[in-house]
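Next up, some structures in structure tokens.
Each of the two complexes below includes chain A, the first together with chain B, the second together with chain C.
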Partner chain A sequence: MAGDEILRVEDLHVTFSGRGGDVHAVNGVNLTVRRGEILGIVGESGSGKSVTSAAIMGVLPPAPACRVHGKVLFEGVDLLSSSERAMQSIRGRQISMILQDPLSALNPVMKTGDQIAEVFRIHHGLSGRSLMDAVINALKRVRFPSPERGAASWPHQLSGGMRQRVVGAIALGCEPDLLIADEATTALDSTIQLQYLDLIKERQRIDGLSVVVITHDFGVVARICDRVAVMYAGKVVEEAPVETLFSGPRHPYTKALLNAVPKLNTDLSRLEAIEGVPPRLWSPPVGCSFAPRCAGSVVECTTRPPVPVAIGDHHSVACWRVAS
Partner chain B sequence: MIPATVATSAPKRRARMLAGAPIISLSIIAIFLAMVVLGQAMTLHAPNQINLALKLHPPALLGGSWEYPLGTDWLGRDLYSRIVVGARASFVVVVGVLLVGGLGGAALGVISGYVGGTTDALIMRCADATLAFPIILLAVLITVTMGPGTANLIIALCLVLWARFARIVRGQVLVIREQNFVVLARSSGVSGVTIMLRHVVPNVVNTLIVVMTLQIGWIIIVEASLSFLGAGIPPPTPAWGSMAARGRDFLTTGWWVPAVPCLSIALVCLSFNIVGDWLRDRLDPSLRGGPD
Partner chain C sequence: MTIVVAARHVAKDYTVGKFPERRTFSAVADVSLSIGSGETLGIVGESGCGKSTLSRLVLGLEAPTRGEIQIGSETVARDGQLIKSRPRGLVQAVMQDPGSSLNPKLRISTIVTEPLKVTEPGLGRAELLERAGAALDLVGLDRSSLSKFPHQFSGGQKQRVAIARALVSNPRLIVLDEAISSLDVSVAAQVMNLLKGLQDRLGISYLFISHQLAAVMYMSHHVSVMYMGRIVETGTAAEIGRRPRHPYTHALLGAALPADIVQARAAKAVGGEVPDPLAPPSGCTFHSRCPRAIERCATVVPAWIARSPTHGLLCDVD
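What follows is the complex of A and B.
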């Protein structure tokens, strides 16, 4: 699991200007991804997971609608201060992304083969026969049945799972170093989901691919992740290796989240819900953003934001009660 | 390339494509296009041939002769032949305006929608200003200052029409550019210009075809209105609008003289609009046949 860092996100802030004021979608996120590691980011809707991934890719809307602060160091280079041209050669070749909805992820008026071919044309300058071979190979690598037919078909002729494989073929085509899978399997049914996750795991094992898996599904985390970061209201509240997090969650939000997952071995008539609603991101609370929903909050929680503290092997928590 | 996996065979699909087609409208358009292409070859008499002995001769079905199927005007000129020749004048204007104004407006719409920001604001405010202006007045103003003539008429109509195309296309582009496939294309390193040309533009083509068809009728009417007002295609070239304008003096003695060009305008415009509506339904990509 050890190894050098491939991605380091330092104090990332993303603010959207909206009609009702600024929306602080991401509030000082710190993350690291080591080479060949799969990091999971979990959290509920609106916790800033997807915005974080879009910020890493540099595909957020331009200023002044959206402002980004902080650092995204990829192989030591700050992506946030890189030029658009430099980013274009990084995207797709070194970092690539898979999004949630496979139905809208492909251009409806372009054959799938042509869409896959695009990355090879841009990044490897391929054309003609070799381009065609690269496309077929890319489809083979994501276990696309009958890749030749797949390349010649239109997106609407393929099922959701097949389309997501095409998206995977595009994302993994140029053998990137880092893959961001933003809810990549959420829209797929569970058997396809497993196959897809195994596919990603396989690329990690064989090519040493580093992956950031963004999900709200602990099942996905348990299956493929090495480490997990739990996000709440635009902040990372707890970060730990998967086993540690599942066996001993320390942050009250993580505990509550894990309690909300149905278990096979206990007989519960009702699932535990977390009381209250997430904070409004246009006026985040002064202290810990989870404090209003936290059963054990103390005075300090409402006055000062908690700082992450290391409490064990690679385990850090941002909570005043754990820290004291 | 390897043949695509298509559920239905090509002839079957063609049959399905034509199911429910507006046959009458398509026939009228076919006749109109035949007039445009064949021109003089379809006429029975020279369009400007004066025959005072036969002036205000009624159409064949109203007691006239088949020698002059749609009757004659106040100078004894064959109305049918003049309609045939006039079709080409209308068509030249339509094609010119669609190619320059329509495509130009669409291009501005794509840029406006995709680039956004100040560029968008600038283009859209210009479009708003154009749309806020009374169309006929603006066109009359332009043709009067530049002088009548087909080219000037086309320029005048383009200056008015581009804004409609720009607005509609921009609206489409705003939807398309938020789609996942555009985000994914960006995150695989495709440059902005390439995304615009390869991913955005092909997705607005359907809309563009429909809008163009629906605007043909409008162009013909405005061209006719301008000719009617004397600011359009100058005589002696027969144009439908000016034929109606000159013919209105004979409403009591020979009502068919203004009625024939007016009906021609109405039929052709209606047909283009009906076909446009039909195309809008047909070109919906979800109707193109899926995995079934």
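What follows is the complex of A and C.
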């Protein structure tokens, strides 16, 4: 593993056992995150993006309800074969996570300052005055206005944007090496979302933080990501530097998805919607998962799953038609 | 063009807290609007701006504390009262989350025909099923769906069921309150195209409420921007999108993140957050965040300035 890679996901498979049979949520995902890089994972519901992030954090349900295969190499160590004890010292200190809804991420009956203090007590053994200072510093780092007052408040007294800053203060408190932001700004208003994204970008620039941004929103990707992986039905279908992906998307799904988003200030009488619905994950199609919705599918698409091929600088696509 | 819905200086006050800390605030402070037949009025604004309260007022779910609402030529609410004899079924709603707006225990046939039990109580079972089937045809769902339950559908299909339920009473206006916000990108595009197609065919009007600016621009003929219970700017989609005049509209457009690398990276965040509605700033409520604010903005409530028959704003600082 190259020294500039902080995270490498190799051939990750996650299968849930359900009443209707096995659900193949993640089907052979390969990803790398370089040090100090922001990787975006874009996809719709059921694409496996959040399950991938849960696998990295080691927070999936235990077997037999959920079976995980493959490797998640963080700084060269496979997290999937690490003990729960080892994971506990990694989570929150080296890898941390921000989820969509701050109201359910925070404890409603605990002051925000005490919740932030937990990470410093557990990971750094701080107490007393130094603990208080660490809490205030963590709030300052996420640009919380009047941090002293913020620390003394209850979650319900704060606005959505401020609650998410508290979650950010907890996640970034121990200065982790890798942050996973899973739809972290989806619930925020546009002006607040932008402030928050810029905050993450600032941590990347100043601390060299590596980030995995999981989102359904190409606007978020365009704003802060360096590289992007597009997921569909549990697989990465296209991966490229952000500039390349926006200027020359190659996978039919990526193209269709970009066309399905309304843009500002374009006179458009009709959006190009993608017809059909994503495949059922308990009985995925034999060939390419996107083939049933793809306008240009050929016979090969329905018989064999496509493998990712490199088509340019760091640009790879899993599509038979692009490959040929 | 005939006016389908008109609101004149409507306001809605809520009282919160227990004695002795009871306080009253205006979720909608003063809003006037009108929607013509076959037209879409889009409302954009951040959470807490009053856009959902406005939708509840238009739907007749609540009476405005002040002001008057007309549906067609009939006054349906005036000064704190909903008028009892008001016509029903002319305004319908599609809400954000079809997972919770459809009763999981009812079959689609029951769900879709429910409005008719109020608006046309005399209909027999065969007629009800025919009307429901026709509504499903309109939204592109198979008639065999009538005997199914909501859980048998995907999110986008459930939202189509909700649209069919809204259509079944032949309304003149549908209030779409964040109706596409919980849908996936590809599905949201399908639903938006469906709504536009229905409007072309049926001449129906929409009040399209969303926090997604690009979606509002795509769907709407006219767009009104709300901030702290007031419409601060209104205009055609082109006027708002290309020649916005109000600093808050500028801020909203500037903070939007379109799927475009140049535009998304040029986006600029306006400072601060929406103030506490219990303690709104004096003068112009946006002055605390406004980059253009001058001294009098903190004291003088701005007057409405009409720039054209379609374009107006609540700011006179240039």
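Observations
We take it that the second predicted complex is superposed on the first by the 320 of 324 C-alpha atoms of A that agree within 3 Å, B and C clash if a C-alpha of one lies under 4 Å from a C-alpha of the other, contacts with A are read in each partner's own complex, and residues count from 1 in each chain.
Just so we're on the same page, a contact is a pair of C-beta atoms (placed from the backbone, for glycine too) under 8 Å apart; a residue touches a chain by one contact, two chains touch by 3 or more.
The structure presented is a predicted model; accordingly, all values stated were derived computationally and were not measured.
In the superposed pair of complexes, A:112 makes contact with neither chain B nor chain C.
Look at A:222: by the touch rule set out above, it reaches chain C but stays clear of chain B.
Of the two partner chains, chain C is the only one touched by A:273; chain B is not. After overlaying the two complexes on the shared chain, residue contacts for A:151 are found with chain B alone; chain C is out of touch.
Legend: residue contacts after superposition of the two complexes on their common chain; A:189 is shown touching chain C, with no touch to chain B.
Contact with neither chain B nor chain C is seen for A:30 once the two complexes are overlaid on the shared chain. In the superposition on chain A, contact of A:260 is made with chain C only, not with chain B. Of the two partner chains, both chain B and chain C are touched by A:159. On chain A, the surface touched by chain B in one complex and the surface touched by chain C in the other have residues 159 in common. Contact residues of chain C toward chain A in the complex are 46-47, 154-157, 184-190, 192-193, 196, 211-215, 217-218, 241-242, 251-253, 255-261, 263-265, 267-270, 273-274. Residues of chain A that touch chain B in their complex: 54, 57, 59, 62, 84, 88-93, 95-97, 99-101, 104-111, 115, 118-119, 122-123, 148-149, 151-154, 156-159, 167, 170-171.
Interface residues of chain B facing chain A in the complex, by the touch rule stated above, are 1-6, 117, 179-181, 183-192, 198-199, 202-203, 205, 285-286, 288, 290-291.
Those residues of chain A whose C-beta lies close enough to touch chain C in the complex are 44-45, 159-162, 189-195, 198, 216-223, 242-243, 246-247, 256-258, 260-265, 268, 270-275, 277.
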